[in-house]
Amino acid sequence: MTRKKVGVVNVTGYAGMELARLLAGHDGVELVSVTGRSVAGQKLADCLPYLEGLDLTITAEPGNVDLAFLALPHSESACEAARLLKEGVKVVDISADFRLKNAALYPEWYGFTHPFPDLLQSAVYGLPELYRGQIRPAELVANPGCYPAAAILALAPVLKEGIIAGSIVIDAKSGLSGAGRSLSLKSHYCEANENVTAYALEGHRHLPEIIQEFALAASTEAPEVTFVPHLVPATRGILASCYARVKKEISPVGLKELYNSYYRSEPFIRVVDEAPHTKRAAGTNLCLIYPVIDKRSGCLVVISAIDNLVKGAAGQAVQNMNLMFGFEETAGLKAIAAYP
Amino acid sequence: MTRKKVGVVNVTGYAGMELARLLAGHDGVELVSVTGRSVAGQKLADCLPYLEGLDLTITAEPGNVDLAFLALPHSESACEAARLLKEGVKVVDISADFRLKNAALYPEWYGFTHPFPDLLQSAVYGLPELYRGQIRPAELVANPGCYPAAAILALAPVLKEGIIAGSIVIDAKSGLSGAGRSLSLKSHYCEANENVTAYALEGHRHLPEIIQEFALAASTEAPEVTFVPHLVPATRGILASCYARVKKEISPVGLKELYNSYYRSEPFIRVVDEAPHTKRAAGTNLCLIYPVIDKRSGCLVVISAIDNLVKGAAGQAVQNMNLMFGFEETAGLKAIAAYP
Amino acid sequence: MTRKKVGVVNVTGYAGMELARLLAGHDGVELVSVTGRSVAGQKLADCLPYLEGLDLTITAEPGNVDLAFLALPHSESACEAARLLKEGVKVVDISADFRLKNAALYPEWYGFTHPFPDLLQSAVYGLPELYRGQIRPAELVANPGCYPAAAILALAPVLKEGIIAGSIVIDAKSGLSGAGRSLSLKSHYCEANENVTAYALEGHRHLPEIIQEFALAASTEAPEVTFVPHLVPATRGILASCYARVKKEISPVGLKELYNSYYRSEPFIRVVDEAPHTKRAAGTNLCLIYPVIDKRSGCLVVISAIDNLVKGAAGQAVQNMNLMFGFEETAGLKAIAAYP
Amino acid sequence: MTRKKVGVVNVTGYAGMELARLLAGHDGVELVSVTGRSVAGQKLADCLPYLEGLDLTITAEPGNVDLAFLALPHSESACEAARLLKEGVKVVDISADFRLKNAALYPEWYGFTHPFPDLLQSAVYGLPELYRGQIRPAELVANPGCYPAAAILALAPVLKEGIIAGSIVIDAKSGLSGAGRSLSLKSHYCEANENVTAYALEGHRHLPEIIQEFALAASTEAPEVTFVPHLVPATRGILASCYARVKKEISPVGLKELYNSYYRSEPFIRVVDEAPHTKRAAGTNLCLIYPVIDKRSGCLVVISAIDNLVKGAAGQAVQNMNLMFGFEETAGLKAIAAYP
């Protein structure tokens, strides 16, 4: 079988780097193009020595590919995607530029007026567990944010079934790779090590994405969601602790059965029997989910764990590509966590 | 002035070790006795080399002291405390044996029938910000648990003022020292490093303590509290993220003023202007508190940060001792965080 | 092609766990047996949840296999290996039981009299870069220790060529996984985190192995080697900094050429252009080597970096197996580091 | 007693910050001035929240002080020191600008021609264990580099006594705070975490300082020194592993006695009985030293451990100040490590 040609636009951030790693180990595709404006002309291996096995030169613009992964900063992706789509190139966009259906939210949350609002409607939200059928034929897939991926997978079953009501609290803990590769004091080793902190209490950009998908899952008005992200001193991993009031009574056994049934055929979801550890998902495309009813308060608690760079970014993108190309959904994504 | 003689019973755990450190730097007291059954007879410095400045031999039983800090396992403390109190020795108990007013809770939560239920009534809960007046004359002070200390200080003002209602979520993140010095796989470096996990979802022992104090602060029935502790890969620090519904409307400015006013004279509480970092409290007796109303969901969010071994254990105990001896409340507790 | 059947004896330590991970991703073999005495009867996934993809039950004894990896404690391996060899099973022994050619060294360094000294002669030291031809037909391969692997690969070229003389210093830094999965205070998170220490200054067990191979490489008497291992707060990785006096003059360019030439065809050795980072080898079977002459002191400095659990243990074992079975040498070992 | 007035020039780096912490807890001085050009005009507590206890405003230039600590970048310190000395202000310079006696070394190693070569002769190298008598009356003290402090204290006794000969290897491991607070990829959390690397193999700036002091201690020509610094994933701590050939035979007992005797009266040196842990010195001004003869190779191995920001920078500076002001040498430096 001829391998599909794929490219990574902006390979020098952590999501782009992780894409290069996963695509290099994927039998169905050939990674033929990697871009990075500030380092164009350099050998990939000179710029990122651990990728020495990939004999590629970084370019300023993507070459001739069947599908491009865009890992550009928010707002730049939209224009690049529009251009590539016109050329018949499929696009999986890692940025937030096509995640929100409502164009009016972009100025408020991302500080720019969306240049291609029509594309927002044709873009498919790239969470296969919810939108597999639409992803397969899509030309443009909006890869979910890392926090939304963890939160939506945690609560989709109970939202769909109308089990929970009213306000939802998402308390998420992320490793530092979620803060990106750009230098900043918050990611400076000595400031981040031995430190835990909440941030973005004024409103994190992933909130409207979470609300949009919660509402769609529940087929209701947008629920009240309080979302507080935290940084913890680790490189990879998101643990999302989700709290909600139960409106339709369900037994502990019933809750477990609901999740098992909902995710029965999902290749990357594991409904687990004890609170998940992020380390057990590290380097994999898995999402570990632990749903429980607090027997004293009656509160529903669902804990989900993902690797923010895999199921939260690059692995999710490859899963979407697999669907778009008609590959086996797990192709290139079968590695076991390098534990410990 | 003659220094008061103090002792640490069970110096070989992290709380006991931290007590030794703090007491050694305290001008008003002389640390004359340290016990540790399994290492009795050894020089303290041979057992714990970083304490080489302290010329003490570990004994099996505490010597002649004015006040003893008990850092024994739960259930052993009660008997030791009763014995010492009879001898006229003041006691600050780091264990949970005197924290709960209701003796009936001990079998359920700690697995033993309390041997001295009468002492539960005379014991004072050692959180000076709430019980300063009672701590001063007390003979027996029950030092708060680390999670309760963080959670109660975070919410006491809004509980007292009746600002919040209904169910409360406490999502707390602790460094590994909270899990103690006893060997276990969960504290094994390679298992804990690069890992985040929730635990005790079936009910953590600190829950009844939190509920007791929340009810007392609010002068109401016990509120519904969902408390989920987490372990993060750091040695020290607790960050407690507390979520509650607002029942009595309050403006953001009013909320800030309430906290400022409530904690105005408190030497160890800092109401801060941005989400606190645990690292900024490391090694200190401070509790950093950041209260905010989520403007979209209307949820009250209060984030508090402490060093679990200081304000969450040994420092809190020294603060209690200072009150019991009539010392300046901050004596021996003025060190600045060794940042970074 | 029929897959070869392989087993891991003692899967519950870090080397055994890593073997399970690598073998599960190897197309040429089927992992049919995993043993672990203390947990025999358990499902592998119940014991080690991150291995949930492997549907195996842990047994007390290995089943019917073509090749067994022994990850037993030192001294137990020798007997098990002898037994398996008699049954016609090939053996790759991860323990030290067959690494030393001189049986007389076992009582001194490992505290037991070797039960099968004859096997020491037929065993092949499993470092393919030095003994590839002998590994291919071998029935019994002694997998190198993690420190020796890093040190020998660093210095083999200059030892062979007689470039260095006299005393050699090996200053090696290891992550905590090298200290194993057994509980101990030195591996307790709070004691190991934010700590660096040297250990085994009275003589580490890997020293005679290093000396044996240095002497064989140099075709000389055993050189004087000072080997000091250190523990650093990381999970994986060994960085070996090797220092030696130059006796046969060589230019910086000549040194680089010597290493490039020596390792030209090696699939897992990378002679790099700047001091290597252990992180760039994490999860891979690579050994990164940086040789340099200190221009002021004239000292030869060679820095090598490996993942102690891969090139230092399980990956090395799989590479040996590949040779023994006539597989492509890199089969199952092509993964790129999951950086960062 | 009137407190001496002191200032910290450039408080916003890690050495300056640590000075502020230590000086705030020093009874003999008042920290009256802190400078920082880029943040002049800000409250110290706004810039560095953990220093909220210090009511100071950052200025561009130091105010009226008895002694100034200069924590400026190399080359800027020299001019500022000259200016302050003229005004009668004592100076402890944390930079390297007055450490080297030979002005000719500055262009080679630091890239600038020394503007005040005469001051190099009057400056005293601020290592009290070697130069106490000269530090007391000094007006200008050059605070040692962090690596030199660890290396010189490790080897001074054997250099003085002529025990060692020929070439010396210093393999030093430093936490990331040694790399400073300026943003760089090497200090970016995700790049530094789980990584060990050597650096500056072409020659680190601390090398001429080490050689100068080794020669002075040994009263010989400059010895051949190979110095390779490493970065390990910790915030604080330097472990220096020093290797040297023995030329004058000495027994293990004799070696231990030599060190004990040499450092008998030193308040901050501990000759320890097992390989030191950096964590045991964290936050303290201690230097832990473990000298041993490798019984097989005959090599002298001395391991020293310090907190790079305390004995390696700010604490050392305070110790020097104590001597210059005639204070008790340990004033303000008595804190015990906040272990774990």
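Each chain carries a letter (A, B, C and D) given by its place in the written order, and its residues are counted from 1.
Criterion: contacts are C-beta pairs under 8 Å (C-beta built on N, C-alpha and C of every residue); 3 or more make two chains touch, one makes a residue touch a chain.
In this text, all values refer to a predicted model and were calculated from it rather than measured experimentally.
With every chain reduced to the mean of its CA atoms, the largest distance from subunit A is reached by D. By number of C-beta pairs in contact, A-C leads when A-C and B-C are compared.
The mean-CA centres of subunit A and subunit C are about 37 angstrom from one another, to the nearest whole unit. Note: centroid distance subunit C to subunit D, computed from Cα atoms, is 38 Å.
Put simply, the C-alpha centre of subunit B and that of subunit C have 46 angstrom between them. Across the assembly, subunit B contributes residues 14, 175, 177, 190, 193-194, 233-236, 277, 279, 282, 340 that each touch 2 or more other chains.
Residue ranges of subunit D in contact with subunit A, taken from their complex: 14, 175-177, 181, 183-185, 187-190, 192-194, 233-235. Remark: subunit A residues 14, 17-18, 21, 24-25, 48-53, 177, 194, 235-236, 270, 272, 274, 277, 279-283, 334-340 touch subunit C in the complex. Those residues of subunit B whose C-beta lies close enough to touch subunit A in the complex are 167, 169, 171, 173, 175, 190-191, 193-199, 201-203, 207, 224-226, 228, 230, 232-237, 239, 241, 243, 245, 275-279, 282, 290, 292, 294-299, 301, 303, 305, 340.
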